[in-house]
C-alpha cells in the first residue's frame, strides 16, 4: 500500500536499445512505460542517428510526456531512456535524464539508476578542478568522471571502465556515444540490469518486464561490475570489475520495487513475495477466516500466506486505478479517513471474519493504522497484520528513499508497541532468517542494509574515498 | 480485460450532495474520483450557494480537470457532479455535464446516467415546437421536458415527475435547482442510484463506492421510478412511478461496469462475479492446474471458479497500472503483440501448466486470441477460456456501448468456432440460467437484453411514443 | 490609451466566407486575426462541408486557439467566425461563438456582434414557451427566434427576416445553414458589416481590414436592415427592413473601436480621427511646442491636431507591444506608477516643452492623471489634454461597455474640475457639433447616445416590446 | 518592418536588481517585460535569499512564463533575469538563462547578452581539461572560465575579472553569487548595459527602458570593460579593462535593436532614428507628397525625413498588434500577399500620391518588394524607398543574427539593381558617412562591422586566441 500512501522511493529505471531496423524511440517508449513504476517524476529519450544525438525529456509520466509527433522526430538506430522517481519537494526539470552532453570527443548521453555513496566527495574534487554542476544528480558527476577519463584513454568504454573504480555505490547505467551503446552495473550489483534480444536488436533494461513489453527475449542479467559494449550489432564485454566485490542485490527489489512479473537474477519477484508470505505463515501463524493483501505489492505475499496456511485467500480491498500525478489532498478534517479515497474495503470479504492482512512493509505505521481501522469498521472481528518485509531500521545509501529513523515506526519500539499503535490484534514482520531465503533461484547475494544495518562496505570509510 | 483493450462502454456516473456544513465541491470531487471507472472522457461539478449556481467542467479525468484553486471557487451547500464515458470519435466539450441552464423559473443543473430509447422522437417533437439543441446528449432533451413541464406545474419536482412519463429508457439522474436537490431513477431501474448520509449531509451516487470514498453511510438504493427531493435537509419522496414497470437492473453492471466493492440492490458486485465463476466451474469444469483471471474484472470470477473447482488460483497477469488518456498506439507491425504493452503474463504461474483463464466477457474475440497466444508463449500447455458473461448477441438500448452485431464474435458462430478462433483448448460462456442467479441478494429483476434479446418493453413501439 | 488601461469594450467581430475553391477555415483565421481588436476573450470558426457543420472554439486569441492541425480539420466550402470581447469577471467558455445548433430543419451556426435592448424580454417570453438557455448571450435568444420562425416559414432566410422584426438593438450577424450563408445588419445599422469578393469567393466581415488581410476586394457595406443570402455563389438581397429606421452607426466606431485602416460607410477611421484632432485644434487651440498622441487610437487625432495647429507632431510614448492575456498586475505600492509598465514617455520629445497630449477619450480619468504625471516627471513644462471624443455621460445599450455613470469622470464635474483632477494645464473635449462632422464621407447617420443621451428609439418603451 | 517579417535577431536582454526592501522577482518581471523586444524565445529569473539561489525559466514570453504563483515563490533580496532571442530551428529549453550552477565556492547564476568570437576555442580548451557541456550557449563557457578562475582568486569578482582577459567578443552580463551582484561589459562595449537606482535598490539592465518600467532612476551606463560589484548595498568598481580597447558600441542598436525610448551612452534611440531620417532627406531628396514609415522601427526615421524635407508625415500602415509566438503561416498560394496579414496599407494616406517609404533596413529585399507592391495596389503613384541603415554586406560576430552573404540583397548588386528588384521608383540607403553621425550625444565609438566589414579587432586572429 506504500505505493501511493507511504511511498518508499527508488531512483529510476533505464532502458537502451540498438536496433538497425525498427523505430528505436517507439520501442524505448514502450520499455519506459513498462518501467514507469520505477519513477514517475520525469522521463526522457535520447536517440542517435548518423552520429548525431537528439533527445526529449520533460516532467511527467511517459504517456503524458511523449506524443506521436515527438516520437516520430526521435529517429535513430540507438536509443536510451530513463524514468525518474520523484522525491518530495524537489521536482526539477534540470534533473530529468538522459543527460546529454558534449565533451572532448563529441556527444554522449547517460541514464542512470542508483545512488553513489561518495558523490559528494567526487563533486568536491571535481569542483576543485574547476568543474561546474548544473543538476543535483549523481549522473552529472559520473559524466564528468567519464569525460575526464576519456582524455587519457582510447575509447569511451575504457573511459567508463576507468571511471568505475572511483564510483562507490549503486549504479546500473546506460551510455550512448556516436557509435556505441554501453551498459554497466556497479561491482556490487545493487540494482538490476538485464539484456535482451529481438531479431537484430539488442536491448538493456532495468527489469525484464520491459523486454516483455516489446516482445524481446530475455538473454541474461549483466554481472555485477560488468560493462557490455554494443557497436554495429557486435557485443563486447569488459569484466575488469566482475567478481571483485561481494554480490549485493537490493533484497527490497524482490519485495517491493520490481514489478511482480520481472525476473531478476533468475528469480521472479512475484514468487519471492509468495515465498515471503509462506514464511510468514510458518513464522507467525494465526487462527483466521480469510487472508487479504494490501494492493498492490501485498497481494502476492497474501497468496503465499493463504496457500501455506490453508486459510482462504480473499479480495479485501479495491484500489482506485486512476492514478495521476496531481490529486487534491483531503483537508485536515478528512485526513484520518483519507486512505479510503484510494482504497476501499470489500465488506463482504471481511465482515464478521477474523482477517489476516498482509502488507509489503510497514514504514511509519500511519497507513497501517488507518487500514486496520477501515477493516474493523467494515466488520472484521480480528485483524492480524503481517509484513512481508522485516521492519525498516536503518538508512539506505544505495537509492532507496527510506525515511529518517525518527519517522520509522519500528525504531525504538517493541513489536507489541507497534502492534498497539496500528491497532492490530497481532503483528508479525518477516524474520531476517526468512528474508534471505525469499529468492532461492537468484544466483546472487543480497544487501539487507535497511533492515539489518549491515552494508557490503564501510559507508563512513568510503565516503572519504575517491 | 476489456477495460483497456476491447471496451464495452457505459454512459456515465452521477453524484450529488446536500451538506450545510462541509465543502460540497471537495466531497463531489472524491465521489467522482470513486466513480471514474464509469466515464473518463469529461467531468464536471456544479454547486449552488445562496440560490446561485456556478460550475466547472472540462474534458479529462477528475484529477486532471480539477485543481485546488478551482475546487475552492466552487463554494456552496449543494453540488452535483458527473463523469462521462468517451465514445470513440466524438469527444465533445459541449457534451460534458452537468448541464447548467436557465429556464422560466431560474437556473437548474442536471447530470444524467443512461440512455433514452425515444430521445430522437422527443427531440423531433421539441424541435417542432421551436426548440434548439446545442449538444448531442439525451440530457438536453430531458432538460427541455422538465422546463416545459414546469410551465404548468407548481414545483421543479412536479415538473420532473410530469416529464418522466414521457421518458422511455434508462436514466438515473440528479437535478439541482436554487433550493432543491432531486434524484430519480427510471421506472425500470436500469441503472443504479443510491442514497447515503454523513451527519447532516445527504448524498446520492451511482454506486455505493462513492459513498465509501467520503466516509458516508449507505442508506438505501432508490426504487425504480422513485423521485427523492431534498430541501433544507428535509427528504421527500414521490412514488408515482414506483412499481409501475418491470424491475430491470442491467445485469452487466454486476459483471463488469460496477466497481467490485459497490453494493447494488443489496448485492456486492465482487460476490456476483465470484458466483458467476463458481457457476462456470459447475457448468464447464475442466482438469487443470491453475485458474487465472484477466484483470481487472476477470479476477473475482477466477477466484470463484477456483474455490468451486478446487483448482488453485494464481496470479496470471500483471497489468500496467499507469493508465492515461493518451497513449501512443503500436504500429501495425507490432499490433499482434500490442496486448503485452498493457498486460504481461506471469510466466512462473502458467509455465508447464494447464490453465483456466477466466475473463469477464468476450466481445470481438481479438483480445482473447492475443491473450491466449501470450499464455501459450509463456509455456501454458493448455488454455481453457471461461467467460463469466454469456455471449453478446444483441444491441443494448439503455446505455451500454455494445459493438454492432457484425463485430460480435459470437454472432453466427458456434461455440467451437469461437473457441477455434481465439485459439483456446476449450471455451465456455456462462449460461443464461446461471446468469440470472448471480445476484441472489438483489431485490430486483434484471435486463439481460444484450445477451437474450429480450427487453423490458417493445423497443420499436416505444421509439414511436412520447 | 484605453485599450489596455481603461478599456471601453465592444461585443465582437464577425467574419464569413463562401469559397468553393480555397481553404475557408484558413481565410477565416486570417480574417479573425485582423478583427482581433474587436474581441480577445474567445474565438471560434464553424465550417460547412457537404451540408455538415463542424466547428472549433475556445478561450484565447486567434493565434493561440487555432493550430495548423485544427485548421486543417475544418474543411469546407463555407465558414463563419467570431472573436468575442472579454467583459471583466465573466469569461465563459459557454459564451464563445459561433453558436452551433440543431433545430427542426437541421443544423445552423450563428455569430453575432452587437447587443439587443429587448433580450431580457425575449428570453422571458421564450422561457414562458418552455425554452432553456445555456449561455448568457443574446445570440442564443436570436437563434431561438429564428428556429421558431422557421417552423412557419419556407426557408432559413425568411426565418431570419421574420425574426428581425422582434429584435431591437444592435446586431450585425452571420448565419450558416447546410446550404446558405446569410449576413444581416439591424435596421438602424449600429455596427458595421461589409461585403467583399476574391475571385469566386464572397466574404462578409465586421470591418474592411479583414477583407484586406486576405487580399479580397471591398464591394460595399450592407445596408441597415439588409439581409444578404449566398447560395452556391448566387447572391440575393432581402430589403424588407431597409430604410425603415433612422440610420444610426455608432460614432465611437470611428473614434476608437475600428482599426484605423478600416473603411466604414465610405469613411476611413484614421481620417475621422485626424479630423477630430483638427476640430479640436480649432475649438481648443493652445500655445505649445509639441503635439503627442496616446497610443494607439490617440495617434491619428494627434496628427490631425498637429497639421491643423502647425505645432510639430512628436512621438511621445512607446507602448510595450507584447500584449498577452495574462499579465501579473503591480502590487498596491506600485499601482500609481503602473501605467509605465505598458507605456513609457519619450523624454527627449517632451523635456522642457509645452505639450499637447491627445487621447481618444477620457473615461474614469485615472489613466489620464497617471499619464499627465509621467509627462511632467519627464520634464514637460505644460500638459494640455485634448480628448478626441466628447465626455462619456450616458450608458450605451448597443454593445459598448461604458462604465456605470458613477465611474465616469465627466458626470457631475465641470471641465475645470476634471482638468484639475487629471492634473492638466488645460483640458478640452471634442464638441458635440464637431463630433457629428468627423465622418463626412459616411453616407449614414449616427448614434451618439453615450455622449448625448439621445438614442434612435425610446429605450424604456422598447424593452417592453417584442 | 523586419521585426516580424525579416528578422535580424540579437542574442538577449539582461536585468539585475539588489533590493533589500521590495519584491525583486516582481521588479525583474517588469524589467524583463520592458526588454522583451530583445528576445522572445525563453526567459528566466533567479533570486537569492539568505545565500540560497532559486530560479524558474521556460520557453515563452515573460507574461506567458511567469504567473503570480511562480513570482511569489521567487523570494529574495537579489535577482537576475534574462530574455533570450529565438534563432530559427533551435529552440532549446537547455539554453534558457539564467544559468544556475554549483562550483567550488557555492552557487552562482549568470545571464548574458552577446556573442564571443573565441567560444569554440574556449570550449575546445576546456574540454581538453575534462569539461562537459550541457548547453549550446557561450554562457556555459564563461561560467567555466569563472569557476576555474575562482580556484586561484580570492573572490567571485576577481574570478570574473580574471576570466574577462580570455573573452573576445560581446558580453554584457550579470552574475549573482550568494552575497554579491556583479555586472560587467566587455572591453569594447559592444552591447549596452546601464545602472539605475530606486531608493535603496540598485538595478542593472540592458536598456534604460527597463529602469523606467519600474520607476527607477537612470544613473549611468557601465563603461566598456567595467565590472561593478554590489554587496549589501555597497557598490564597488573594478576598472582593469576600462579604456583598454577601442570603444565599439553596435551602431545597429540605435537603428533597430533598442527600444526608441532607451537612452544608450547618452543618446536616445528614437532621436538617432530621426537623425538618420534627416540625413537621408539631405542625402537622397525626392519630390513627393507624403513620407511614411514601415512599423515599428521605420516610424522614427520617417518623422526625421519628413521634418528635414518638409514633406508631410503620414500614417501609411497599420500593423496588427496581436503578436504571438505561434501563428499559422499562409500557404504557398497566398505567400506573395502574406505581408498584408500583419501589415495593412492606409489607402487614404497614399492613394494618388508620390510616397517616400522609410524602412529601418533592407535585408533580403523580399519584404520590401511586397510592401512596395502593396503601396502601388493602394494607389501610390510613386514609391521611393529609403533605408535608414546602410546595406548589410558583412557578417556580425557579436550577436546580431545577420543572414549569410548569399541571402543579402545588397551583396553583389548595384543600387539600381536592388531598386529594380524591390520595384521602387528610387532607392537610397543611409551613407556610411551619415551613419557614424546618428548618435551625436553618445560618448562612445561604434562597431559598424556588418555594414563596413571593419571590426574592432582581427576576427581570424582572435578566434585562435584564448
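The first chain written gets the first letter, and so on, giving A, B, C and D; residue counts start at 1 in each chain.
As a convention for this text, a residue touches a chain if its C-beta (ideal position, glycine included) is under 8 Å from a C-beta of that chain, and two chains touch if they have at least 3 such contacts.
Because the structure is a prediction, the values reported are computed rather than measured.
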{"item": "Other chains in touch with both subunit C and subunit D", "value": "none"}
{"item": "Whole-Å gap separating subunit B and subunit D, where each centre is the average of the chain's CA atoms", "value": "60"}
{"item": "Distance between chain centroids, defined by C-alpha means - subunit B, subunit C (Å)", "value": "49"}
{"item": "Subunit B residues counted as touching two or more neighbouring chains", "value": "none"}
{"item": "Which chain pairs touch, all of them", "value": "A-B, A-D, B-C, C-D"}
{"item": "Residue numbers on subunit D that touch subunit C, as the complex places them", "value": "22-23, 26, 29-30, 33-34, 36-37, 40, 61-64, 66-68, 71, 209, 212-215, 259-261, 263, 268, 270-271, 296, 299-300, 303, 307, 312-315, 317-318, 320-324, 326-328, 330-331, 333-334, 337, 340-341, 344-349"}
{"item": "Subunit D residues touching subunit A - in the complex, by the definition given at the top", "value": "93, 99-104, 123-124, 127-134, 140, 143-144, 147-148, 151"}
